[in-house]
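Below: a set of structures, written as structure tokens.
Each of the next two complexes has chain A plus one more chain, namely chain B in the first and chain C in the second.
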Partner chain A sequence: MGASTPVVEVKNIYKSFSSTRALQDVSLAVYPGEVRGLIGENGSGKSTLSAIISGNLKADEGSMFLFGEPYAPANSFEASEKGVSMIVQEQGTISTVSVAANIFAGRESQFCKLGILNSKKLSAEAQKLLDKVGVSDIKADAPVAGLSFEDRKLVEIARAFYKLPELFIVDETTTALPQKGRNILYGLIKMLKKEGKSVLFISHDIDELIEVCDTVTILRDGRFIATLEEGEMEAKKMKELMVGREVADNFYRNDSNCTCVADKPMLTVKDLSCGILKDISFELKTGEILGLAGLSDCGIHEVGKAIFGLLHRESGTVTVGDGTQIHTPSEAIKKRVGFMSKNRDTESMLISMNIQENVVLPSLDHLKVAGFFIPPKKEKELASEWCGKLNVKMRDLKQSCAELSGGNKQKIVLAKWLGNGSEVFILDCPTRGIDIGVKEAIYRIMEDLKSQGKSIIMISEELPEVIGMSDRILVMKDGRIVKEFDRGPELTENSIIQYMI
Partner chain B sequence: MSTNTAVRTKKSDEDKKLAFKKALSTAIPYLGLLILIVLFQILTGNFLTASNLEAIFDQGFTLLIASMAGVFVMATGNLDFSLGANAGFCCVCATLAATYIHPIASIPVAIIVGLIVGMVNGFAQTVLRLPSFIACLCMMFILTAATQSLITGSSIMMPVSMMFWETFARKLIFGIIYMAVMIVMFKYTRVGKELKTLGVSPEAARQSGVNVKKRIFLAYAITGLAAGIAGFWFMLRTGGAATTTGQTTTSDVIIAVVFGGMSVSGGASSKISAAILGTLIVTVLNNGMVMAGFGGDPQQLVKGLLFLLVIAVSTKRDPNVIIK
Partner chain C sequence: MNNKALNIVKRVLLAIALPAIVYLILGIIRPDIYFSFNTLIMQLTQTMKLTLVGWAMLFGMSVGLFDFSVGSRIILAGLVGIHMSQFMGVIGFVLGVVVTSLILAGITGAAFAGLRIPSIITGYAMLLIFESIATIYQKKFTVIVTDNIAIFGKAPGIYVLTIVAFVLIYVVFNNTKFGYQIKAIGGNEAVARSMGIKAVQLKLLTYIVGGAFLSIAALVEVGYTGSVTAKTSMQSMQSCFTPMMGVMIGMNLASCNPVVGSFIGSFCISIVGSGLVALGIESRLQNVVVGLFLLVFLGLKGNSDRLSHLFSRKKKEAVNIN
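And now, the complex of A and B:
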């Protein structure tokens, strides 16, 4: 492979964002027919690198070559015209227009005659493309707004395959896709490989990378660390190269049996119906980690929101340990229930406010003097106590949360609920998109909370962590609880998956 | 090891730079005020005299009352467009109450009318779910119409006995108490802290236990109450009410708060000091331009251009703020 010209070669790339250096002297070459993995912790620079290659960002220094020719795309459109297409992590479709219009966005002129768009032809072409990619159940003339998040991703994939890309960049798309979508994507990658095209595959999932990729490049703190060839790719080694130190074996909990203490429920959900949710009933025991597993649109996320009072309930009750019912977030917080949304930047924290303001927000009532006055000193003490206990990496308490990494943001959210003395924690995707180091720290915090007799509802789409952390697992499908598992050594992903789909 | 230390020093250098930038952006309004004072002193020669400073205090007094309350609504990312019209309407009601009931009655009437208007604004947005902009604009039209129909001719007079109510000492004492209450409420109580969060993200605030509707309602009630107080002082200052009373107050409040260093979209940059500082800047600007011989039209032009400039600069300063 080494003899041929690389499809894309980047040399000595540097990139900084105001005070952070995202990339330092990174070089990389991808050869025809190669599926290259790119892995690293959050903030390691992998998304920045892919954004530069796909024309979404410009490097400060360094050069790029496409088939040996200098390559400097002005934007992502120019890059995709030259054969470099990317599917992004976040939403990349325009929701107000149809699927077909999305697929051919920017390329409509070929369907125009005398300035009038032939939308029938546009739809037909789009449908052909969708069929070719293997998602014929998405209709080209349907509005994108009506599609699920997963289907929108598939529309994006179809768009990228309008012209077979020379280099196809997949940026953590698979975290948003259910198994069906993943299989489609894997199929397309195989097809590209056969055609001699190449793929740059970015993922957090090490096992997935090993399965899909020929070679894997590891980045850490914006620097190139290593490229592993086939045969060298091994999960433990990759983790260590990513983190820069040895990773403990007991990533999840090491006890393998259910260890909840008393029978006294901390939270009782009874006959809860709400939107997609139908008759949800369960009890959360003291010191229990209760896992909620299921496909992303099966209702697991809605359960958390509904308990916390964020959704309008059609029927059913949520009762805390002392027998009071909770209906709104303020009531829930008063009764020491905390909720961590899966949408970190928009819901679970006030992104443009500072660390202290975020941490103390739910605890303001506890800090009052004379019934109304909140002394700044007490705010500071509370925030620094919990940020210290959770080891938040920050400049000072007045630093804006927007400047923090994903893992540190998640710690701030935890600090908020810990500082407020919460007894019940509803954690929706607590480790989504955060790196291994902080992931491990969050698992340890969860264990710690459990040992203090606090209870946790962990909602997650990642089965290994649900199995690894929960005392009990509720599996959901189409808005109902379909199966309950107790913690045990014989519990496997496969035994759960069959109830999910 | 050596590279590690190098990276760390580099980082702390950048931290210093960042801290300097932050300090600079806080200092800009103060610098602006200083420049204006120096400029007008040079242009007019008698800007910094005791009598002119007292004039500035008199002119800025009602604006200070209105803009300090305006911060409560602006922090949430909304604007109270009816603020000036409310103050004008309260001024009319106070004048009528003083004339037909008793001079003392003017105080509770102004305050209660203002509060009710504010509460209606809050009700329209939280219970009826009308967009803030529409609700306040409609309220402005209604109040302006009411004011005009209550005033026969172009103005009405308050009883002559009230001419001596307005003294420097009274205004000073009231001003200090009012400022103290507003500063404490905005900086050191749940109300102010939670209102700020609404300007960042109402959904995130709700998930942290902020009762969004209650807070929005309260913000408009506070602003309405303050409009009533401002209306009362308007009456004392001008000796009654006119159809034009309070006409420029709304825009002056917005300009003052933004000049004072707060974003129009509220949120993280919200601070009560912006109202005090901004009121000073706007009043000095108004007063200085009159003294320097600017006519009415150029005054508006200068204010408009400065406003544009400040918005352009202040939005660049904070990348997280998007003007709605």
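And now, the complex of A and C:
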């Protein structure tokens, strides 16, 4: 690989955001037919580097080359035209237009004659592309607003494959995809490799990286640490290079039995039906971590939203420990129920606001003096206390949340509900898209909450964490609860999977 | 000086930099007009009038609502206030303006929240209705302005009202649940809803709270001009554009709070406007220059990252050459 001209080469790249140095003297070369992994903790600079290569950001210093020629794309469209395409973790589609319009956004002129757009041809071409990529069930004429988050990701993938990219950048996208979507993506990566094209694959899932990539580059605190070749890629070594210290092999709970108070439910869900959900009933006990497992589109994510009052319920009730029924988010918050959405940036956090404002928002009623006045000192104390306890890496409390890494954003969302004194936590994919260091910290927080008698509903598509952290697991399929497992040493992924599919 | 104090000084300097630069440029062009105490006082008074209307609009604009009925509401509230002053003196004037302003704001807000139509369309429709009512009202009742209401538009009345309004709006915007929720809705309505914020009710409340502040603006406006004339054919709409520009500048001044920023923005607009008058520029062209000022400011603000990148590159190149 090393003998040929690299598809993309970046040399001595520097990038800063205000006083934060995101990248310092990073160099990297990706060769034809190579699938290069890029790994590092949140805030290590992976996404910044990929954004620079894909034309979404500009480097402060350094140079880039595409097939040996100077390369400095003005924007992502220009990069894509030159053969560098990227798909990201968060939403990257326009929800107000159709799938076809999304796929050919910026390239509409090829379907125009005398200024008139041939929408029939546009849709036909888009459908061909969707079929080619392997997502025929998505219709080109369908409005994107009606698609699930996962299907929107697949639309983005199709868009990237309109012209076979020379370098395909996958930025933590697999966490947003169900297994079927992941398989489609893996298939496309294999096809690209076979065609002599390259892939830059960013993921926090080390096993996935070892499986998919030929080589892996590790970044830490914005600096290049190492590149491991195929024979050197070993999970423990990669984790240690990422974190810069030794890490434990197992970071889940150590106890193997259910430890919660059975006779005192904190939350009771009865006959809940809503969209895909049919007759969902369960009790959440005091001090319990209740895992909800299932395939992405089986309804597990809707359960969290429906309990919190974000979805309109067709029937059924949600009752908290004191017997009060909750119907809306404001009622849920009043009764100390907190919800962390799977889609952090778009559903759980006010990206445009600063850290302090985000943390105190659900606690304003507790901070009020004389019925209306919120003293700045009290706000600061609350935000400072919880950001300190959760060890949020930040410049100060006034730092914009948009500047934080994924893991730190997740901590802010948790801080928000912890600061509010929540008793019940609905955590939808709490460790999605975050590195092992923060992951471990979140598991310890969950254990700590449990020991304080607080209860958690943990919704997750990652079976090891559901098994590793839950006292009890409810398995869902097609909108229904199909099986219940208690925590125990004999519980395996296989025993759960057979009820999921 | 510690870091915190340094930061505060830096922010204050940054905040006053824009009006100071504009003032200095115009002062160099016409030192006889600009470097005089009387001109400064006149511009401050003008600024207060604009800012009071701007503050009333700030709540709505922060949650993405654009209400063009503001001017017609000032006129109608002013007419009712003056009418009532004939029976109850100053108290009648204040009561008439405040109560009418709140009622009109409530009706506009209810139309928006109840019909769920865009705020711009609601604003247009209400403007047409309020302008017509004001015209009928003026024809039906003999509305005579009494001298005693002028205290609201002259010093020290206008200063006292502006300071009271500033303290109130600053606290409401920065230190109340309502103010926080406004920022949250403006940031991301879906996330705000998931935090238990009732978006529609909150937007309705922004109309009413904005209406309360608009009543202060109406007291000052009527007191200052000493008359109110009903307008037709959407002429009242013009009176909301200039304050709106001040708010836009204020919301984009990164170094300061939008409440203070709106005052600074209005001051800039005011000195640019009066400068053009002093320079003898035709009134229609004045709007062109004020519009260009807004475009230049927002253009510079929106491209600040690109500009700083460009400047730092030029600086590095210059260092390398040396």
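Here, the second predicted complex is superposed on the first by the 375 of 501 C-alpha atoms of A that agree within 3 Å, B and C clash if a C-alpha of one lies under 4 Å from a C-alpha of the other, contacts with A are read in each partner's own complex, and residues count from 1 in each chain.
Just so it is clear, a residue touches a chain if its C-beta (ideal position, glycine included) is under 8 Å from a C-beta of that chain, and two chains touch if they have at least 3 such contacts.
Keep in mind the model is a prediction, meaning the values are calculated, not measured.
In the superposition on chain A, contact of A:A402 is made with chain B only, not with chain C. With both structures placed on the common chain, the touch criterion links A:S148 to neither chain B nor chain C.
Legend: residue contacts after superposition of the two complexes on their common chain; A:T5 is shown touching neither chain B nor chain C.
In the superposition on chain A, contact is made by A:M349 with both chain B and chain C.
In the superposition on chain A, A:N391 makes contact with neither chain B nor chain C.
Of the two partner chains placed by superposition, A:S95 touches none, neither chain B nor chain C.
When the two structures are aligned on the shared chain, A:D60 is found in touch with chain C, with no touch to chain B.
Counting contacts by the rule stated earlier, residues 308, 310, 328-330, 332-334, 339, 341, 346-353, 357, 361-362, 364-365, 368, 372-376, 416 of chain A appear in both its interface with chain B and its interface with chain C. Partner chain C is touched in their complex by these residues of chain A: 58, 60, 308, 310, 328-334, 339, 341, 346-353, 357, 360-362, 364-365, 368, 372-376, 416.
By the touch criterion stated above, chain A contacts chain B in their complex at residues 18-19, 308, 310, 328-330, 332-334, 339, 341, 346-354, 357, 361-362, 364-365, 368, 372-376, 395, 400, 402, 416. Listed in rising order, the residues of chain B touching chain A in the complex are 11, 14-15, 17-18, 184, 188-190, 193-194, 196-197, 200-201, 203-211, 267-268, 318, 320-321. The residues of chain C lying in touch with chain A in their complex are 171, 174-177, 180-181, 183-184, 186-188, 190-198, 309, 312.
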